[in-house]
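Step one of this worksheet: look at the structure below.
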Amino acid sequence: MAHATHSTATAISTEDNYLNHEKGIWSWLTTVDHKRIAVMYLISILTFFLVGGIFALLLRGALFNSGENKFWSYITPDVYNQFMSYHGIIMVFMVIVPGIPAVFGNFLLPVMLGAKDVAFPRLNLASYYVYLLGAAIAGSTLFLGKIDTGWTFYTPYSIKTSTSVIMAVLGAFTMGMASILTGLNFIVTTHKLRAPGQTMNKIPLFVWAIYATSIIQILATPVLGITLMLLGAERALGVGIFDPNLGGDPVLFQHFFWFYSHPAVYIMVLPAMGIVSELISTFSRKTIFGYTAIAYSSLAIAAVSFLVWGHHMFVSGQSEFAGILFSVITMLVGVPTAIKLFNWISTMYKGSVRLDAPMLYAIGFLFLFTIGGLTGVWLAATGMDVHFHDTYFVVAHFHYVMVGGTLMAFTGGIFFWFPKFFGKMTNDTLGRISWVFIFTGFNVTFFPQFILGAMGMPRRYFEYHPAYEPLNQISTVGSWLIGFGFLVALAAIIHGLVAGQKAGANPWGSKTLEWQAPSPPPHDNFPITPTVTAGPYEYR
Amino acid sequence: MDLVIQYGLYGIACACIFVPFFGFGLGPPVVIGAALGSFIGNTYSLIAQQGILKNFIKDKKETGNAGPILPLLEGAQKAIDGFENPGSSMKVEAHHEEGHNHESGEHHIIPIPVYVGVLLILLLGTVITVAVAQVDFGAMNTVIAMLVATVKASFVLAFFMHLKYDNLMNRVIFGSGFFFLMLLIAFSAADIFTRASVIKAF
Amino acid sequence: MNTWLSTFSANAFMPIQGTEIAGKVDGFYAFLLISSLISSIILIGGMTAFIIQYKRKTATDKTAYITHNTMAEFTWSFIPFVIMMVIFYWGKVIFNELRAMPVAGEEIHVVGVQWAWNFKYKNGIKQYTKDGVTKENKIGNVEKQVMVVPHNKPVKLVMTSNDVIHSFYVPGFRNKQDVIPGRYTAFWFKADKLGEFQVFCTEYCGLQHSQMPATIRVVPEAEYAAWLDSNKPSAASNDGGMSEAAQKGVELYENKCRSCHSLDGSRVVGPTWKGIYGAKREFESGASVNADDNYLRESILNPAAKIVKGYPAAMPPYAGQLSDEEIESLIEYMKTVK
Amino acid sequence: MSTVKTEDGHFHHAHHFKNLNHQYDSAKQGVWLFMVTEILMFGGLFVAYLIYKSLYAPIFHVGSSYLDVKMGSINTVVLITSSFTMALGIYFNQKNKPKQAVIALVLTILCALTFMVIKYFEYSHKIHLGLVPGKYFNNPEFQQKVADFINAMPIENLTPAISDINNMKKIAPLYFGFYFVMTGLHGFHVVIGALLILWVTIKTARGQFGSEYYTPVEGVGLFWHIVDLIWIYLFPLLYLVG
């Protein structure tokens, strides 16, 4: 037992836990307990995910055929453009960016560090409400004026369109604020609140991933803030910084935007990598291979991610020199990513692998992320990207990384930590069924899109050339499979909540600190502050 | 190692402030220059503050293996000592060792006269800025104005914001802000000022 | 149906190669495809093998305690690094070729508007879309805007946009370049296959982004010269007794208005201009007015003030974008559209 | 920061910290992290400003001559003084002298108000002249001055971007776009800062701080100095460098 000093924790009765520590809805809404805030985030994010997912299904439905007779006649070009924008905005700003840090980071970071709470508990609650406020402001455009710019808000279209861009960017700005506050909180928590004996090279890899993510959130999000603020000012006053009519440069907007939004890609995927590190080690019951390499590659990815944003702009009218510069630096990101992949796979070597539902999701992550990552290298090569840029190839690539990466890990994380969250087990069979549908459906949906992209089908198209029709139909059918898969996953969660078996403190036999606390943890996480004497993955 | 980070950050912050004003055409050489400068600064700091040179000389003397360059090295060490020791008020960097003691100790309280002195320097800086702006130095106007502003800013940071007496982490955090700002400006400029001009034939 | 989509070249799923560079891109594509296949076989295959071989057998399986292996880690970071540098360099070489503008050759000007491509030749030929893109008039059966270019001769396009960012994409040439308002960007190709090549807009530009049809028709050089000659606009052709102001209005209409307002009475996005001047306008609010100078001016500057019944409030306000003189000339032109 | 003063005059730290010092260090690190985001947010504006200034120098040259250096200088002095009094506010809290601390903090707020009043006069003057961002800009004289300035430039100094005089006249309002956005965002921070100082002043007056615990004063102080720091750069960039 690595953490012998606090094995007493499990012996203590689990009667008093964070769920029943205080009663009533008001005690939830005003709680400063990081675990309750995490649960509130979980509920909000799953709700937004459902909404964003419905938009996705409608989009795929509309793309079922290319002719006049749309699958669903309600969707006209303007409605399609709005749905496309909402799908992007909801999924990016409301689901994937906050997703893993706000839910699992909030719940697990202090527990993994042996702390009683995050460094600034009230700020934590405030950031939740700021996030909800931002979501409400952005969501209000659904009823007032709509939005049809896509999630990228490219000028000058976003200056000219008659939809309510100001409200949408205000919402995104506010959610960015919440993201900054969360990141700030996590950095200070990691620096200052580690348990005695827990040095930086004894923290779990999930904490490393969240830490790297938080650094990106702090450094990148303010630039998004000023960019969106300037866009709002542009529409309200015509300041002219991004408006070519008034002397501005729309390509500068793209620079500013991607200075945030490229690192944001790593805000989305780094925490997922953290989850996968935990899952693979636990379910192979083996020490993680290359702890230091994985930890530092997270930091390396975070640092390099700030230098590569121009690869979104190879054909945007930026100079040839800048394009080549960004291309070569982008290649460097591939190295730490490759290190991580190889290390995870080596962790399974001579292990004892068990394919429970969470592990299946981790395997799914590895499979899909490998494809997503490799096609990323294609897109980073300038000569190839000129052909693929803004085609369905790009759509397929980032869905492989975002959905196949982040959402796979997110769902796997839910199944993995569900016993810790709620003290009950989910039904493993339901979990595996959901994985089969999500994994198969995902490949059926997005693999054809690689081919569509190679054939030259541009993205954000409402109507397309009839030659693209067969593959689009396969893709749409796949989206139904994914939708069904997520419904099954939801059923598994609800079933677990209502009728799940009671879980012990450590049902998976994992070694990290959070499993030494009772399930669900009491209000203060640990009855006695633990002292850490060994690394987080000591499977001997 | 702390020193390296420390001086590196200072070098980077300087580069970030100066690059735009020396003109973007000069950008790459200035960036390289700043990198070199900070490298030299690092090396110097290592030699000066960790006594590498001192130890080296001592070592050589002890083994009696003194080559012909020894007097030269000793001269250099003397020069360094001479530069390091006088209590120059500008040497914000020289005090970082103190920062570590603060994690658990008492908070440093800066006496009022220091604050008054800083206030006077800042006011003087403002007068200089305005006065200099009345004279036309051409392109140097911007450089001078930013130089003065940077000096003023570092006084605010060092004394009003207590960064001089703060721990290393907070300094790294603040420096990283400037560093990433420099990345934004450098790479945006790398695009905007290298674009090929498209000329219409008719 | 064009041949460019239905025939696939040797490389899986890439459109037919219309230029020499397209062949090079496809060679690069093949390399990427094969190297990625090998990488995924190593990664995914290794993973699958480990899952099967090291399946958990008992609840108390002992596992090996391996923390790291510096040599292995160096290997799998250095080899990918080398491969990626090769990929970078190969991509850079092709990119430089795609962007190296020819010195001699034809020059054609391209103007992107919402939602059409306009082409202009040196001798004055203007290839503007005949009608706005209507619902019946879409990709597949539309009479597309055609850019006629010579075979085996470099063609340079100087491109700009009148409103928002568009992107000029020719899959057959494997080339793409954004078209930016207030700035010129360039694009070049040397078509070595005769036939028609599809042009797409790939930068999201609003309502009818997917319906900016255009075709590049590659013809033998002699035929091209003949085409240039026969289509050369005569000096008197666009004059038709119009006042100077109205002629200016034509130019503005072509660039700013045509995509939404037809001249022949057909419905596009906004109301037609046929016989608009003096006609009775009915509004969503129930009011109505005869279209006079003041009404037309207001509708250009602030379209949301009065929305014609049955039409969407889709027009952007042009206040601050058109000078008084330009508005005058547009109204002058409207008077002539009968 | 859920620190409370108990009846015996001592402060209790929040339950998840080891001691007050631990809490102080953590809080301060949090504030510094937030300062980084402030720097980067304003930094975005500075980057845009510098890029356009180097592209369209004449507009910025003529534009800065329209600003009142006297008012700008007074505002600089006012802000620097306020930074000084803010530092004193922290000092007196460290020394357990709440009365003097309150005086210093109130002086800081007064400086902030003075700053905003002067800003108000500057703004109303500009708005009166029609020197406002693009959409509402209405001052042909300014545009003409830009054109005259370019005409007077030696030919070898002209770049393609600025030699198109009509275009330069059209985009001349850009300067005032920058002026209003940069000073507006800064002014917004001054207002927020003043409110925060008011908050710590009230807490100081109620005796809730002392040498053991004054973290909020320190944090607000850091914020206020950042506001000052940004103005130290804004002032020469907008008013003096043309």
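In order of appearance the chains are A, B, C and D, and numbering begins at 1 in each one.
The definition used in the following text is that a residue touches a chain if its C-beta (ideal position, glycine included) is under 8 Å from a C-beta of that chain, and two chains touch if they have at least 3 such contacts.
This structure is a prediction, so every number in the text was calculated from the model and none was measured.
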{"item": "Identity of the most central chain, Cα criterion", "value": "A"}
{"item": "Contact pairs, highest-scoring chain pair", "value": "A-C"}
{"item": "Whole-Å gap between the CA centroids of subunit B and subunit D", "value": "24"}
{"item": "Rounded Å distance between subunit C and subunit D, as computed from the means of their C-alpha atoms", "value": "44"}
{"item": "Whole-Å gap separating subunit A and subunit C, where each centre is the average of the chain's CA atoms", "value": "32"}
{"item": "Separation of mean Cα positions, subunit B and subunit A [Å, integer]", "value": "39"}
{"item": "Residue numbers of subunit B (touch at least two other chains)", "value": "169, 176-177, 180, 184, 188, 192, 196"}
{"item": "Interface hub residues of subunit A, defined as touching at least two other chains", "value": "191, 219, 223, 238, 247, 249, 251-252, 256, 317, 320"}
{"item": "Junction residues of subunit D - those touching two or more other chains", "value": "25, 29, 33, 36-37, 39-40, 43-44, 51, 134-135"}
{"item": "Subunit A to subunit C touching residues, read off their complex", "value": "66-68, 77-78, 81, 148-150, 152, 154, 156-157, 160-162, 238, 244-245, 247, 249-251, 284-287, 289-293, 314-317, 320, 323-324, 327-328, 331-332, 334-336, 338-339, 341-343, 345-346, 348-355, 363, 366-367, 370-371, 374-375, 377-378, 380-387, 389-391, 451, 454-456, 458-467, 539-540"}
{"item": "List of subunit C residues in touch with subunit A within their complex", "value": "5-6, 12-15, 24-25, 28-29, 32, 36, 39-40, 43-44, 46-47, 50-51, 54-57, 61-69, 72-73, 76-77, 80-81, 84-85, 87-88, 90-99, 135, 138-140, 163-165, 167, 169, 171, 174-178, 180-183, 185, 198, 200-211, 304, 312-316, 320-321"}
{"item": "Residues of subunit D that touch subunit A when the two form their complex", "value": "1-2, 14-17, 22, 25-27, 29-30, 33-34, 36-45, 48, 51-52, 56, 132-137, 167, 170-171, 173-174, 177-178, 180-181, 185"}
{"item": "Sites on subunit D touched by subunit B in the complex", "value": "21, 24-25, 28-29, 32-33, 35-37, 39-40, 43-44, 46-47, 50-51, 54-55, 69, 73, 76-77, 80-81, 83-84, 86-88, 91, 94-95, 160, 221-222, 225, 228-229, 232-233, 235-237, 240-242"}
{"item": "Partner subunit C, residues of subunit B touching it in the complex", "value": "196, 198, 200-202"}
